[in-house]
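After this come two complexes, each holding chain A, first together with chain B and then together with chain C.
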Partner chain A sequence: MGDITLTMNGAAISGREGMTILEVARENGIDIPTLCYLKELTPIGACRLCVVEVEGSRMLVGSCHTPIAPGMVIQTHSPKVLEVRRVLIELMMASHPDSCIVCEAANCCELRMRATDLEVGLPRFRTRLRYFPLEDENSNIIRDMSKCILCRRCVTACYNTEGKKMFSLAYRGFESKVIYDLDKPVGSDETCRDCDTCISLCPTGALRQPIKFGQRKKGPVLYVKG
Partner chain B sequence: MPQAKIVLKNCGIIDPKDINTYRTKDGFKALDKARGMTAAGVINEIKTSGLRGRGGAGFPCGVKWEGARNSPGDEKYVICNADEGEVGTFKDRYIIQNDPFSLVEGLAIAGYTVGARQGYIYLRAEYSYLLGLLRGAIDQAQEAGYLDGFNIAIRLGAGAYICGEESALMESIEGKRGESRYRPPFPTVAGLWQKPTTINNVETLMNVAQIVLNGGGWYAQMGTERSKGTKVFSVSGDVARPGVYEMVLGSPLRELVEGLAGAKDIKMIQIGGATGRIIPYDMIDTPLAFESYLGAGAITVYNKSRDVLDIVGRTMEFLAEESCGKCTPCRQGMEWMVEVLGRFHRGEGLARDIGYMEVLADTMALSSLCGLGQAAPFAVVDTLKYFRSDYEKGISGK
Partner chain C sequence: MSKKDATKKTFDNILLTLEETQEKVGYLPAEFMVELADSLDVPVSDVYGVASFYSFLATRPPGRNVIRICKSLPCHLKDGQTIIDTIEKEIGVKPGRTTPDGRFSFELTNCIGLCDGAPAMLINHNVHVDLTPGKIASILDKYK
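And now, the complex of A and B:
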């Protein structure tokens, strides 16, 4: 048993000092959806999908980066929380290309999976799309930044696990972009090693491996509910 | 309740280039007095005074200082937020231009109280012409021996509104991209370089010396239940006499806008700039206090010739441009708001988008990472409440 007790969805549970709300929830079998969060890395806090209701807080709280405190009363799936999560998914889809049917990542796209789980249909919000030319010159990585949802996993992972800084962020607001070098396409002679870390972590089809002859598509088949 | 001069007491009276003129007005007496007190004693006075932050959020200053004071660690920082990025605010500029010494003194008292050896003033790049004056004030105070054991450095912003937000400001001082951090940890625990840090607006610090000299009880006599002291307002827009006015908190908005600034034919008033609230003329008797609306004290007046959708649209364009882009609701939501408001403005709006705007506003307010995204939809929410027919006229086919 842990040393901090709190209430989650009406049940008394406990966790240890320093754990986040998300960690405690997962330990207790409660599934809070996440997109930018990765277990091994420092929390990013960018996507906001993991928000939960904490009694006494006016705003919703990001569960992936908020430590638990004694006596917290948390709702992880209240109607308010679910509606906010749906809108967030719709906002990510608002500028995402509708090319799922021909996308390499279609059957393992986390954005699609989260959308399916939250029963998001046609998004209510549509904005202009962000078009960037495909970067396919490197033999280890293909980047299609039109599909990027700016979760920053690739930026954080490259730095945290590989100790490199291949990617960083540039521009601001809606124009924000994960860039390589000073916003150059990843060229054929660039220093990227084929460690695959960012590719395996990218939730969408923005990063992928060049397909080699005879290779199978990655991931299981995605079954869509309903 | 009338005008009063606490913060602006020395403005126009002293020579901002000469420390001796400041000395004749009790200059640096508060710092000496504070250094003769315990840190807890100073914090107690500030708490008694009821002083709340003047940068927009209104957080109790004494509680903030106490938090940083009590956080473990030998290395602590105090920051003065002189980014003054909020649309329609120009009071901090006026203060620095006329009385940089009180600011230096206030920051030095903060440093002493919190236990910081290093202070920073984060000055917006557009105010770089104030750099000489501010440096002069710091240097003179240093030479006169008032800043022994405490160093003040100035950092210039680079023209980003978000860098006025405290966590983005700290990222910026650290030399990183100006982006908000998630909280907790709060700055008083892990702020600049992850060390305990307090950050205060220029105007907040301007009150400190007065409180230390005259006592928290004296200060707490002014104002309302939860808004003590005075507030400096930046009044602009459709008024005859735009400018900086200091009023006792709780004064009616009407007195400021119609009385002092001479506004006529008012349609609506935006209180607190781009992330502030919009109220119609009917509500002009609202008291100016944290209990109602205040923000950083920007009062922008619009008369009957103004178009609501035009104003809201431009406010949203500003905020979309200034969003740091880190979190989904603010980055994506602002873009959609701007596009949709443009459609309503051109008479091409869709009826269902009014409902969607409300849904989106809720999500932004509830889930954005920082105050920018959380407060960004206010202009839309308020005008949908008070000027809904203007939106309905923008629906295609009407």
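And now, the complex of A and C:
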């Protein structure tokens, strides 16, 4: 466990061997936005929001899964990086239904939070909206896959922390979808424990708990800047 | 992976097992996928994930003839959409469906490597290139 020195945003910082760029950045108070990243679980690298510029690398690299190397020169908030992050969010928002106003997760939606942080307005792209019927048969979980942004957090978390694998990814390209069983709605007879792991980790309102009377909305209030 | 490894069924070479069944049965029945998942000790959603990813693996029984039209960029730029619309009108079903008489299944597929003859399609294993809306009817007539 030797110390590795690298340059981040012009300042020399050091990290330990085996750490990822993201971990070093967070330890040094540099905020790199993430969506699919889950601390201490296998990096997913699906959302690409955490990309950074590394000198000598042809493309931007995902900081959540790239280990640090001695002498790396990293830019975490260069114009190029910010542009890519904004387009990524725009693309996610473009295929996300415009139902924030009636969405239960609207006050604690990570997608909205990231969009606000990066000052992304209305998306320029007109992509085909993904529409799937609401799955509300199960007493522990409601799935609204129209709101899913394919971050795969639920897939990873269920597999890593619960040792089960309720969900998998299926189809391809625009049709990609997180599925249960043979792409069936989560039935009322599913024996999954009501651990809420996937629900609490879902960055959008795609996974949620059935509303019970008297239950309060959870999560911090989203303050919109400006 | 050597040939010897491939005879042992694991999740890593699941594609071989799926292809084998596709060849034999014509599609991948749900019961087969459930059984396979059980025998490999993986969730059935993983097996379905692989099966649904590839356009040459079917999860529903296909028609007697399978039309596969390329939906990748070169064919799209050569106005592949018109060909898709023409076939849709001709056989009366949308992509992803089978005609009620079971004569045709209509699928969109990713690049089939016939970009020089774009827009291109496959019917069963026969190649049809440089398609125009005018050519479609006579090509389809050959398949009963």
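Structure notes:
What we mean here is this: the second predicted complex is superposed on the first by the 224 of 226 C-alpha atoms of A that agree within 3 Å, B and C clash if a C-alpha of one lies under 4 Å from a C-alpha of the other, contacts with A are read in each partner's own complex, and residues count from 1 in each chain.
In the analysis below, contacts are C-beta pairs under 8 Å (C-beta built on N, C-alpha and C of every residue); 3 or more make two chains touch, one makes a residue touch a chain.
Keep in mind the model is a prediction, meaning the values are calculated, not measured.
On the superposed chain A, the two partners chain B and chain C do not both fit; they clash. Partner contacting the larger number of chain A residues, of chain B and chain C: B. With both structures placed on the common chain, the touch criterion links A:C109 to neither chain B nor chain C.
In the superposition on chain A, contact is made by A:L169 with both chain B and chain C.
Looking at the shared chain after the overlay, A:T66 reaches chain B, while chain C stays out of its contact range.
After overlaying the two complexes on the shared chain, residue contacts for A:I32 are found with neither chain B nor chain C.
Contacts of A:V186 after superposition: neither chain B nor chain C is touched. In summary, superposing the two complexes on chain A brings one listed stretch of chain B into steric overlap with chain C, and the stretch in question is 315-323; the others among 135-143, 189-197, 261-269 or 315-323 show no clashing C-alpha atoms. Once the two complexes are overlaid on chain A, the chain A residues touched by chain B in the first and by chain C in the second are 169, 171-173. For chain B in complex with chain A, the touching residues are 160, 162, 177, 179, 181-182, 184, 320-329, 331-336, 339, 356, 359-360, 362-363, 365-369, 374.
Considering their complex, residues 165-173, 179-183 of chain A touch chain C. In the complex of the two chains, the chain A residues touching chain B come out as 43, 45-49, 51, 59-60, 62, 65-67, 80, 83-84, 87-88, 91-92, 94-95, 124-128, 149-150, 169, 171-176.
Those residues of chain C whose C-beta lies close enough to touch chain A in the complex are 30, 33-34, 42-46, 48-49, 52-53, 55, 59, 110.
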